[in-house]
Each structure stands twice: as C-alpha cells, then as structure tokens.
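Note that the chains take the letters A, B, C and D in the order they are written out, and that residue 1 is the start of every chain.
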Amino acid sequence: MDLNISFLQRLLSNITRGKGYRHHEVAAQASSLSQLASACEALMQRGGEAHLVLKAQQALSHYAGLEEAEKHAFFSLLAEQYSARPQAIHDAYEAYRQQESNAHLQRLFQACEPRRQDLLRRLNQCPGGTYELVRMRADLLGMLRQDPALAPLDADFAHLFSSWFNRGFLVLESIDWNTPAAILEKIIRYEAVHEIRDWSDLRRRLDPDDRRCYAFFHPATGDEPLIFVEVALCRGIPGSIQGILGGGDEVAPQDADTAVFYSISNCQAGLKGISFGNFLIKQVVQELKRDLPGLRNFVTLSPVPGFAGWLDARRQADQCRLDMEQAARLDAGDWADDEAARAALRPDLQGLLAHYLVEEKHRNGQPLDPVARFHLGNGASLHRINWLADTSAKGLRQSHGLMVNYLYEPDKIEQHQEAFSREGAVACTAELRREARHAQPLLNVAAAV
Amino acid sequence: MDLNISFLQRLLSNITRGKGYRHHEVAAQASSLSQLASACEALMQRGGEAHLVLKAQQALSHYAGLEEAEKHAFFSLLAEQYSARPQAIHDAYEAYRQQESNAHLQRLFQACEPRRQDLLRRLNQCPGGTYELVRMRADLLGMLRQDPALAPLDADFAHLFSSWFNRGFLVLESIDWNTPAAILEKIIRYEAVHEIRDWSDLRRRLDPDDRRCYAFFHPATGDEPLIFVEVALCRGIPGSIQGILGGGDEVAPQDADTAVFYSISNCQAGLKGISFGNFLIKQVVQELKRDLPGLRNFVTLSPVPGFAGWLDARRQADQCRLDMEQAARLDAGDWADDEAARAALRPDLQGLLAHYLVEEKHRNGQPLDPVARFHLGNGASLHRINWLADTSAKGLRQSHGLMVNYLYEPDKIEQHQEAFSREGAVACTAELRREARHAQPLLNVAAAV
Amino acid sequence: MDLNISFLQRLLSNITRGKGYRHHEVAAQASSLSQLASACEALMQRGGEAHLVLKAQQALSHYAGLEEAEKHAFFSLLAEQYSARPQAIHDAYEAYRQQESNAHLQRLFQACEPRRQDLLRRLNQCPGGTYELVRMRADLLGMLRQDPALAPLDADFAHLFSSWFNRGFLVLESIDWNTPAAILEKIIRYEAVHEIRDWSDLRRRLDPDDRRCYAFFHPATGDEPLIFVEVALCRGIPGSIQGILGGGDEVAPQDADTAVFYSISNCQAGLKGISFGNFLIKQVVQELKRDLPGLRNFVTLSPVPGFAGWLDARRQADQCRLDMEQAARLDAGDWADDEAARAALRPDLQGLLAHYLVEEKHRNGQPLDPVARFHLGNGASLHRINWLADTSAKGLRQSHGLMVNYLYEPDKIEQHQEAFSREGAVACTAELRREARHAQPLLNVAAAV
Amino acid sequence: MDLNISFLQRLLSNITRGKGYRHHEVAAQASSLSQLASACEALMQRGGEAHLVLKAQQALSHYAGLEEAEKHAFFSLLAEQYSARPQAIHDAYEAYRQQESNAHLQRLFQACEPRRQDLLRRLNQCPGGTYELVRMRADLLGMLRQDPALAPLDADFAHLFSSWFNRGFLVLESIDWNTPAAILEKIIRYEAVHEIRDWSDLRRRLDPDDRRCYAFFHPATGDEPLIFVEVALCRGIPGSIQGILGGGDEVAPQDADTAVFYSISNCQAGLKGISFGNFLIKQVVQELKRDLPGLRNFVTLSPVPGFAGWLDARRQADQCRLDMEQAARLDAGDWADDEAARAALRPDLQGLLAHYLVEEKHRNGQPLDPVARFHLGNGASLHRINWLADTSAKGLRQSHGLMVNYLYEPDKIEQHQEAFSREGAVACTAELRREARHAQPLLNVAAAV
C-alpha cells in the first residue's frame, strides 16, 4: 500500500502541475485519494472477499469525493499498477510456445488479464455499483484525449461493459404519461436530438394518440434509461420535423400507416461504444407491428449532422463550384425565407447532400456521416431527402435545413446489413442516386479524393 | 464451415464408438449438429450482427435438440476450433516482449481470448439465452470427468458467468405463500438438503409465523432461483432437525431470539463455482435483523456429510480404535433406538466428530468437510455438536445422526473469515476443542497424517 | 346498553334451550356477546366516529370469537333492536301523505332505513371488514331456514352487498401457474363442479397450451376470488367431461376453434344472490376473442343436476312409463358398462332430458333445472345433449351421465336473454325439440302439470 | 318512453327560457337528451340486464355529450320521474301500520327507495362508471342553488356514494417523485390551499429529505386521487408557511421531530360531504410514526379562512372597537411591511383571532371557522396562533396573515373528539384562552350574540 500511495502523490503533483488542475487542495486530497487506493488494495486481497460488498461501497464512495485531478491520478494508478505481472506472462507464454494446447492458452489468457478487470468486477459487487462504474468511465473518457496512456484502462471498461450490458440483459419499456416522474425527468434531460423544453413539451411527445416512446433499461442500473427512441405515428412519410414537434396532424393510432423514429438518444456517456441502438429500433419495430397491425412504413426523419461542415470544407478547399450568387446567399444565411433563393439553391443542395451521403466515405469505407453510418449499418436504406425539413437554427446550421428518411424494411434489413458490412454498399433509391449524379459537375472530384 | 462439419463427423463417430453413447442416430444427428455448427460460424462473422438475436436463437434451439453424444461433439468443436489464433498470439507476445507497455498487453490479452468466449457472449444476446447457457454448462460439467480436454471450455464459461452473475446483478426475494406457484414448484424441486415431500410440506416451511425463505434471482434468468435458504425462527439454538421439519414449537415472530438457517440449496448445476451462498446468508441476516429486531442468534443446523465416510475409512485403515462392542453396534446400525448403546457411543462419536471438523484438513489446508468449509469460509464459527439431531435414514448414514450449529456473529464475521483464509484457522468454542482432544486416544494420529 | 344486554341474555337462553345448541358455555358467552353488543352501540353513537375504525375492528373480532348460538342471538339482536323507529316512520308518512313531494319521500325513505344498515356500513369501515361481513352473512344464511325472522336482516345484507359488489368494482384476473399459491389454494378449495384433487390436477387445468381460468376479485376482499370459470380450448364442441378433465387432445392455442366453459364456481356463500356469473362469462368471451381470434364457438359442457331427481319423482308418481326392463337396469345402476343396455336406454333418456330442459318449468316460469336457468338467463341457447358425457359416480347419480352444451353466440345473446326474461322462452336447436317430442309418449303429461 | 321525452321537451324549454341557458341548441339537444332518457328506461327494464354494461356505457356517453341546460333537464327528469310509486308506499305503510314487523318494514323501505337509486347503481355497472357518476354529481351540485327541487336527487347520490366510498374500500398511497406523471399532474391541479406553480415546485414538495405526501384512492376510480395531504418534516413546530413552501431548513428525516400537515385538498367536487379527511390524517400519522420513530409532534399549519370576513362584519356592525389608527392601517392594507404598525396591531389581532376560534360558534354549536371545525372535529387541539405566518396576498386577505397550528396527539384524539361532538368543547392551550380573553374589551359581546 505504501508503494501505491507514494506513487499517487508523485503522480498527483505531476498532474496538477502539468495540466491546469487547481493546485490548492493537493495535500488534503492525497489523503482522500490514498484511502481509495487502500480500499482497492484491500478488495484485491485474498481475505478481501470477507466484506467485499462493504469495501466496494467504501471505495466507490471515496471515488465520488475526488476532485478531477485526483480522479486522473486514480486512473493512472489503475493503468500502471493494476496491470498484469510480466513474469507470469513470460512463463505462461513459454509453456504455450512449447505446446499450443488449450490448457496452456487458458493459463496465458489468465496471466494477461489486467488485474484492474478483476478490481472492476469486485467494485461491481455492491448494489448500485454498476451505475457508479458507468459514471467512472464517463469521467475517464473525458480525460482520454489529454492522456492517451489511459486507453488500455478504457479498453478494460469496454470489455466488461460489453459483457454486463449484453443484449440479453436489457429490458425494453414503453415510456408514457404513466411512467414515474423520476424517469420522465431523465428523458427530458437526456434528449439529445430535438431538445424537450419543459413538461408540457414532453407531454405532447407522449400523447397516446399519435406518439410512442421506448427505452432500454438494465436491471443493475435501475431507473436509468440507457437509450430511448421517440416515435410519431402518421399517414405517409413526413418531410418536416417542425410538423412533428409542433404536434402534427392528429391521426388515430389505428389509421396511421407510418411510424417515424424522429429522435434517438444515448443516455449514458459512460457506455460509449456499447451499442444498443440497432437492437432498440428492431425491437420497437416488432412491438409496433404487433400493437398496430396497420403500420406499413418504419422510417426515420434524421438530421445530417456533417453535411454543412463537409460542404464548407469542400468550398474552402476549392473543390466545390457553387454558382456565385447561390454561394453568397448560402453564406449570408438569409436564403431560407426568400422563395427565389430557395428555388435557386434547392437542386444543387439536394444533389450535394445525396452525393455526400452516397459517395463520401470515412476512412473505414463507411459513409462519412455518423447518422448515416448508424442507420445504414443497422440495415436501413436511404429513402428520401427532405427539403427545408428542419428550419430551426441548429437544422440550418448543420445541414442547411435538409433532413433524410432512412427506411427500415423488416424483410430487407439482413440483406442490406450484410452488403453494407461486407462492401460498404449504401442501399438507396434510384431517385437518390440520380440526385447524387446531379452534383458531379459541381465537385472537383479528382481533387476531392 | 465444411471444415467444421467434417471435423464434427469424425469427432462424433469417435465419441459414439469410444464412450458408450447410443450409436443408431449418428448419421441423422450429424445433420442437426452441423446446423448448429453453421449457426455458430454465422454468428461469428462480421455481417453476423445483422440478425444476431435471431441466429443466436436458432443456434440455441439446434443445441436443445441434440443427443448427448452430439453435445459432446459440439463441446469438442468449441474447445478445438474456437480457440485463439496462435500466430496472433506469437506476434502480440513478441511486441510485448520488446516493450512491456499497457497497449501491448492489451493486444496480447485480446489475442489470447479464446474465440469461444465471444461466441458465448453472442449466444447470450437473445432473450432467455443466459439460462440456456447455464444449462449448457450443466451438460458440459457432466462430461468433464470423462473428457478433461473440455476443461478450458469450462473455464471460459466460468469466466463469463462470474461477470454475468455478479453480486450487483442479483436480486434477493422473499419466498412465501404469495409467491407464484411456478416458482414454488422449483423450490420443491431444487431443495437438496431436506427433501420437501409435497405442497403441504412446503406450506409448513413457509408458515409466516415462524418460517422465512429467501432466494437470489438474476434478471436475465427470470423465475429461476439461483440459490435459496430456509430459515426457522425459534427461542434458543435448536439441536434437532426433526423438530424443525415437523413444525416445531410455534413461537410468535416477535418472541423469537434465534434464526436457524437449516437448509441452503444451490439450484443451478450450471453455475457451479459461481459463489452466491456467502452473499445470501449475509444479506438474509441483515433483512432478518431489520424486520425482527429481537433476533439475537443467527445459526445454522447443518449436516456433516463427510463424517461417517471419513470414520469408516479410518477404521478400515485401522487408524481408529473404537471399543469392539461399540463398533459392532455402529456397524449393525441399530444403536440409535437403544438407550444403553446410545449412551455408550455418545462421548466417542462426539469427540471423533469434533476432531474431524477441527483437525482434519483438505489438501488445500481447509477443513475436510465441505459444509464446514462453506460456513467457516463465510466467517461463521463452529458452535455446537448436536447428538442425534438428524435421525432420518440419510442423517444416520452420513453422520451417525450428528449435526452441527455454525454461528454467524455479524461483528466477528470479518475477523473469522480473514483468519480462515490466511491460515485455515477454524473458529470454534473451547468446549468443541475439548471434545476434539477427547478423541485423540482413539486415533492413530501418526499413521493418519 | 343494559337494555340490549338483558335482551341478549334472555334471547340466548331461549335459543340454546330451544334449538339444540350446546348449553354449557352460555354464561361465559353472554359476556363476550355483550362486548360485541356494546361495541355496536358505541359505533352508532354520535361521538362514535372518533375511533370508528378501531371500534369496528373490535366488534368484528368479538364476533369472530362467538359460538354459533351466540351468533344467532347477535343476529336476533340486529333484527329486533336495530330496526327503524316507528314514530319517525309514522310522522314522515303523515307528511308524505299530505304532500307526495320528493323531499317528503326522502325523509320517509330515511326513516324506514333499518338502523342495522348503518351499523353494517360502519363495520365495513375497517380494513378487511368487507370480507368479515361476507362471512357473517354466510353464517346468517345457515340460520335462515330455522329462523325466518332473520330474513329482513338478510335483506339488509343483500341490499348493501349489491351496492358494494357492483360490477364496476370487480376486477377480472387470469389465473395461471404464475398466480400466487395462496390464491391457487383457494381455487382448489372452491371448485364446486368437478373436484380438483391436488396440485398436479390443478396444474393440468392451468396448462397454458389448452386451458384458461379467470376469476373476479373485489378490491376490498383482496385475494379472495368471488367466482371463477375454467375453460378448455379444443377443436370442435366436446361431448365428454372425462376427456377434458383427463387432459384431452392437446391442441395448440392458435388451432383451437372452441372455448369450453366446463366449470363455474361461486366462491363466497355469503354473496348468495349477488350475481356475477353472467358478467364473468361475457367478459371472458371478450378476452378470449381478443387473445385467440381463431375461436369460433363459446360453449359450456354443463351438468344437469336436477334431471335424475326429477325423473325419479315422476316415476314414483307414476307419471313416467319407462319400459320395465329399461327401468330395472336404470335402477340397478349397472347399465352404463353394458353396451346393449346403453343402446336400449339412450333414445328414451335423451328424450326425457330434452323434455326436462325445454318443457319443465319452475314456479317462476323459468326452467326447472338451475344450471339451465343460469345459462339460458344469460342469453345462451341449449345446443346439444351429450350421451355418457360424465361417467363419474356423481355424473351418473345426478343425470344418468348425460351433460349438455349451452352455446354463447355473442350476437344472439341479447335477443335470447330478452325473450327468456319476457316469456321464459328456451332457445334451443330443432334437434333438441325433436328429442323432447320423442319423450311425450313416455310421460303422462296431463297428470304431470 | 314517449312520456318521458315529451316531459323532457317541456322541461327543457322551461329551463332554457327561465334560466339564461343558451337557447339556440334546444331542438337538436332534445334528440340527444331523449336518447339518454331512452337508455335509462331500457336500463330499468327487466330484460335490461341483458346488456346492462353496454347500455350503461351508452347512457353515460350520451350524458357526456349534453349541454348544461340539458343536464339540468335530465336531473329534473330523474327527480320527478324516477321517484317511488305512491300507491306502493301507501299499501306498504298500511300493512306496516297494522303490524310493525320487520317484514313489513322491509317492504315499506323498498317501496320508498327512489327508483333513481337503482338507476344509479345500474349506471355504475360499466367500467369507469363510478367516476362518471362522481362528475355527474359535481354538475348537479352546481345547479342545486338555483333549483332546490334537485336536493332529493342529490341525497340519493350522497346515499350511494357513502356506501361506495366506504373507508374500507379506500387505498392510501404515498405520492413521490416515482409516482406516475399522470397522477402528479392531478396533484398539481387539485392543490387547493397553497397553489403548486409548476413541476419544479411540485418536486420540491416531494423532496424525500423532508417532505411526504399521501393520497387516498378508490379502486373503482383508479388514478383519480380523492384527497391528499402534504407533509413537511422539521425540528420544532413551524410558524410560517412561506418558510415551508420556500424549501425550509433542510433536516434529515431521522432528525425531524415534527410532521406538519400544511395542506389538505379534496380533489373531487362530486364527493362533497363524503368525508375522508379525518381517516386520512389518522392513517398518515400512523404511517409516519412507523417509518420515522423520532417524530414527536403531529401538527397542522392551517389557514383561518373566515377570520378577516368575520372581523369585517363585526366592525361594520359596530361590534368591534379597534383603535382608530390601527383600524385605518388595517383597512389601508399596508401595515404588514411597517414594523411599528405590526407591533401595534399584533396583540389585538391575535386576541381577536383567539376569540374567533374559541368562542364564535356556527348555528350547530361548533366553531364558526370551517377549518377549525374540521380539525377540532377530528380530535385535534388548537395549539398556537402564528403571527404573520402567511404573508401572501391570499393569506393577508383572508386572515390578516395569521395562521394556526392544530395539534394531533394520538392518545388524546378520542377524548377531544368526544367532548367536541358532545358539547362542542374546543380543546386549546391556556395561552390561547388568555389571548381570547384579551379580546373581550374590544368586542361588544352583548350585541354580538
């Protein structure tokens, strides 16, 4: 223990010196941090199972009291002192090298497992521990950019969370006006796509006549939603988000033929990379089909968060030739209220968006736009571009007001998904491909790639 | 896939030839087994995430239809074909050897993880998958003795289960007469210590006046109890199990000063080695103290399953000198109804039992008796030997009718547990030590060790 | 109070002398009975609202401790001392006579309300009071035959219960293997038509594959079922109860076209005359149609409890001319196993049963058979006579083994029910009328009516 | 039926002509009103039980569509056409007069029961019917002042409701932040004492640290609260409502020694006169004592709604001699912010309030103030007058800012309640009596009484 504590003190003074954390509390903190370090040591000891739950509680409560610099020091401690033991690895590898048996592999695997994985499992023993660890990882993720040495620790969190937040453990719940206020309050807070202004706004979004909302929960994190999707029921595929957020044409549930997934929000920063969204959409499609057999279309009305940024970059790099006047209007930002300007810009903007979605690729061969990657990766197809579909300031800023419908066709999902994962194929309508081709002359494609 | 299937066919014919499985269905089976093998291959592929849940369901349903020999073949397939890739391990090790960094360790750890761990996680994605995997491991455990080559596969199951069945995920439920019949039926079936004969017998054991029952459940396995404990409330520490099973002196809950844990049963063979019992007892002690502040003693009334067998072995090895007449009565098995015989046998039997519990050790330095290992390892102390405490045929057979109280003292549990885990120290009363010393002259101790 | 107590003592000694109750406890009882009488007096006083709930609890607990003779005395006390005040009635009537206004009517109505109605309402204030009052009325009903002077008290109970057990307050629950054991135990106990032998028998009757069971509960009586119906799902309309009780041909729920209500049991003797059965069947038909759209037929398989008794009475009165040999076989009771005897008896017995159901009337103009009255009164029609449909001892004894299907056709229920209530019309098939006519020659109809 | 409909038309034209209802829809309404009348007729007929539930639903849905004048006409129809039958009453009375037996009383009672009671019971058969009837009576109460002829109909509603909303049927629920939003929304709406401004305000009032809220529900009216009480936990008896509403000194629940009932709201206008408040407070006291054994005081912080009005009337009648200057400040309404004015007014105002509460009586001999009647009638005592305890506009207007604590002492409740109901005795402290005497010189008592 002494070892770890002097390690921590050295670490903490480096961190606070180097990274702009507040200095004045270092001394006092060292002691509270060292209590955490001691509790972790105790948890890992053999007799430590005695009061495992109690000690895990103490450790998590020490952690909760730390300043940010101390948390950073704690993570460094885990990364450096709770790794595996090199000699055990070398010995196990030597045995494996001589005979590549399952038994030798098992020994090597165990030798390689960082001790911090076991520590995290032990911290998870106390009631409520899982949620504390999710928040701990959220803290860690915030420090990862500054300090890439923490990446292996993050990998350990991710490894455990993918086991703990396994699909088989998730519970789908319908969220409505009979849901406890404590959960609804979190829905308001976690909505990340189209802000929920207040309880009245929420109530409209849960109107049983033409709205649905579903969330995944995990038994060990209780009332904390992990991800949720908001659904509007309507006739026909809608082309404007303001229509939906404003309340829309009311349609009786049994007359609706279309379910629109117009907002999907991840709730827990600490679960980054643990994917629930695809399971959620597919299960919600099944629920809706069962409850409302009249539904024919399952679509999104999705933002294109990267479009305006991409177009800007292209224009700055002189790889996109917009008509001068059009370009000026676009830059002035006042075109959306001017009918003539709208008419002039529409064909080019739609074409450029179609091109952006269909042709522009991330370095991993998948679409550049993250929302497109998500839905196409789930097996949806690109169905329609909607002109001036989001006229909010945010909508104009990020995608010049354009939005996209992705279409989920239950019997084509698998085929789309496999083509997408195998060759990055983007499923889309002929109309969209036509629009994408329209944009070719505007782009210096040679330079672009 | 072809590869796996021909592998399977070869395997299956070996297995059925060598190990006494039924032959006649081999050909037909190959095809159903090969469907399972294909489903597993598909699950592991990149595009496989498309219909992960569906494919996992199919795989588990194929598995459920297998004959025992086929299951064995499937396990062999997992053990041999779903291991790690040697070249990846060698490369990752080489990098680690050159620089023992966290990043290199992470790469090596991932390379060493058997692919079957990932396969099991994917099978776990479908609703109900967790329970199917628990039952799959129960099948596997049954084959492990015959075929030790399956041990690494079992280690993978154990590794995942210890994560999935983490204490933080378990839910303690009180079992009573308002519990759904579907769960009570399982309590009847899983009771492993003192058989529950029928629903009337169960009802008596759930009598709200002087009985309690608690079980751990896991959200992903739903209605399946994992472990449960039956508790009797009484005045004073009881010395006979028949008194408890027969209904006992009724005592109002608020007058009881003693809670007796008289039966603890693990329900899921497939969760062997995933320890819940110690958590269960500690949490139940807390529940009981909160509900019934008048409780002073928390004790067990436990069998000593290994005593008669150990004594027999000692006598056969001529390491135990019982008086001739006594020995004859013991062997005749008719002594328990004969007052004189009882009086003659009592001091020696009690002494030998005390010696057995306090002095006789397993090769790991812990007590030889498994029930003693469990309770002492949880921090209880050996409190009292009870003469003719279980006069059932089973009780007489396994421990000559003797039973033991282990005492749980909340404020000494940690101390006992640490001394036990550090040095194998058996916490017990002075009286018990005296009884153990009494047995010394009866044993050729030199020869025994 | 003194008044009531001396009234009680006089009463009690009369009752115990006259009616065979046990004498020896009269003196002691008088005191416990007088406590109840005092508690009731206190409840009715103005300041009595102070601890209404407490006093109601005391009164009900005093009642629970009474011997049967004391209960009888208590009921007599209520009938005689808790009536209305004559002078108030005369005054109110006089006012009403002079002016038949609503206000005068209201005053008269209030003056006429027996004070015991108010007492019962006050007893109902304490938690659990409703169920205690239901059991109190069950006690009362048992004494009504001996002592018709208690009838007005019973009318007060009935008046209040019909308000409290209003349809709008009842809750329909599905009973299955996930129902708490405490409720299932009551289902076993209350089954009144075809005895449930044990928990295994119950489990078969709740098999989710081809059985359903529904019960009405009332919020104030909690876990106590009021009435329940057992349903078998099958293909085609069944003609034998042993087939159903034995487990029947298993048919997948979605393949069933027929729901058979084969047992309906009222659970609470104290709710006699408060009718739930018709609501239950209609609501269950709706539930089943919603869950299993493939169901086409909703029928009963019903006993004819009065048939054998009626036939016997007719034969004894020489109003029924059965063939001598047939009559002998019927009386010997051994015909059911003899094919020739069965063949000889069948046409006559079926004809007589058809006649009994269609033509024989109760003095209120409705069918003589109580089960027929119930189902026809609910709007069902008489569908088919089933030969040797219940070969149990009870079945042979009460209806010579014959059973009947009543058919519930949702769109004809109203029409049948109105015709039945207006003119006693029995809805039945042409075939059944033909069978009824076949029996004419066997009956001296002139004498019979 | 024709009869009723022409009755209705005549009635409706009278009502709309005479009472200022809107005229223009009379013709159209007659038809929708007549459908309701027909449905009621059908419900009362013998065959009417056939589709009782269906017909009751239709009737209630016709009612829901009525204009106010039509509702009035419908109530008049019930009052006049659904009364009892005079001849039956005369005959039954004649029999009773000749022999005052229980049986004759029963017949007379039944003859006197207005047919509309049976109609209301039948309307109550359909799911949700109870709540519709509660709302129907709320409509009726609104018309009662204008049209006293409806009073007997209201008496019938009250008679049935007191049976249906019997204490034994009510369910106490804790209201907190985990309560469904649909219920919390109603709490916001129904709060009648201290307005809840928005969801944030509500959340503060449900803070688990130092607040509690409890409501009564009835199984047949589901999510509709009947009455609720808001409780603040604190140390010592508080003297200011703004302190409580503003959030107060936070005190840990286990440190609180006082529970303050600072707001009690009846939620259902239609349940006027059906008293729940006394049951609610007593049961909440029990709940709180069980959960928080440290609580010593159970008090209210109550408004005195009638004080300012009473004082005003006295002064106008020249029965109260306030110092001229004081009177001027009081009338100017600006005294509360002026320290000197406050000091000058305080002794007199407190004295007058004490007098008002202790001495001023309603014609029934109970205190003039309705809130005082309620709490004293429940067995509380008048504990303390709080100066400037409610400085809101409403508080200053209705009681010049003064409030009162009523104290609930569990072991004195019965004694207080009996003295109060027997002789109107007001339980209060010596200090309060002293303050009341202080006011004597200010009042022309002779003239006042």
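Assume contacts are C-beta pairs under 8 Å (C-beta built on N, C-alpha and C of every residue); 3 or more make two chains touch, one makes a residue touch a chain.
Every value quoted in this text rests on a predicted model; they were computed, and no experiment measured them.
The chain pair from B-C, A-B or C-D that repeats the A-D interface, sharing more than half of its contact pairs by residue number, is B-C.
Taking each chain's centre as the mean of its C-alpha atoms, chain A lies 40 Å from chain B.
Centres computed as Cα averages put chain B at a distance of 52 Å from chain C.
Chain B and chain D have Cα centroids separated by 62 Å.
Under the contact definition stated at the top, not a single residue of chain B touches 2 or more other chains. Contact topology of the protein chains: cyclic, one closed ring where each chain has exactly two touching partners. Per the touch definition, chain C reaches chain D in the complex via residues 46-47, 49-53, 79-80, 83-84, 86, 89-90, 93, 96-97, 100, 102-103, 105-106, 108-109, 112-114, 121, 124-130, 149, 151-153, 155, 160, 162-164, 166-169, 171, 219-220, 278-279, 282, 379, 413-414, 417-418, 421-422. For chain D in complex with chain A, the touching residues are 177-182, 184-185, 198-199, 203, 223.
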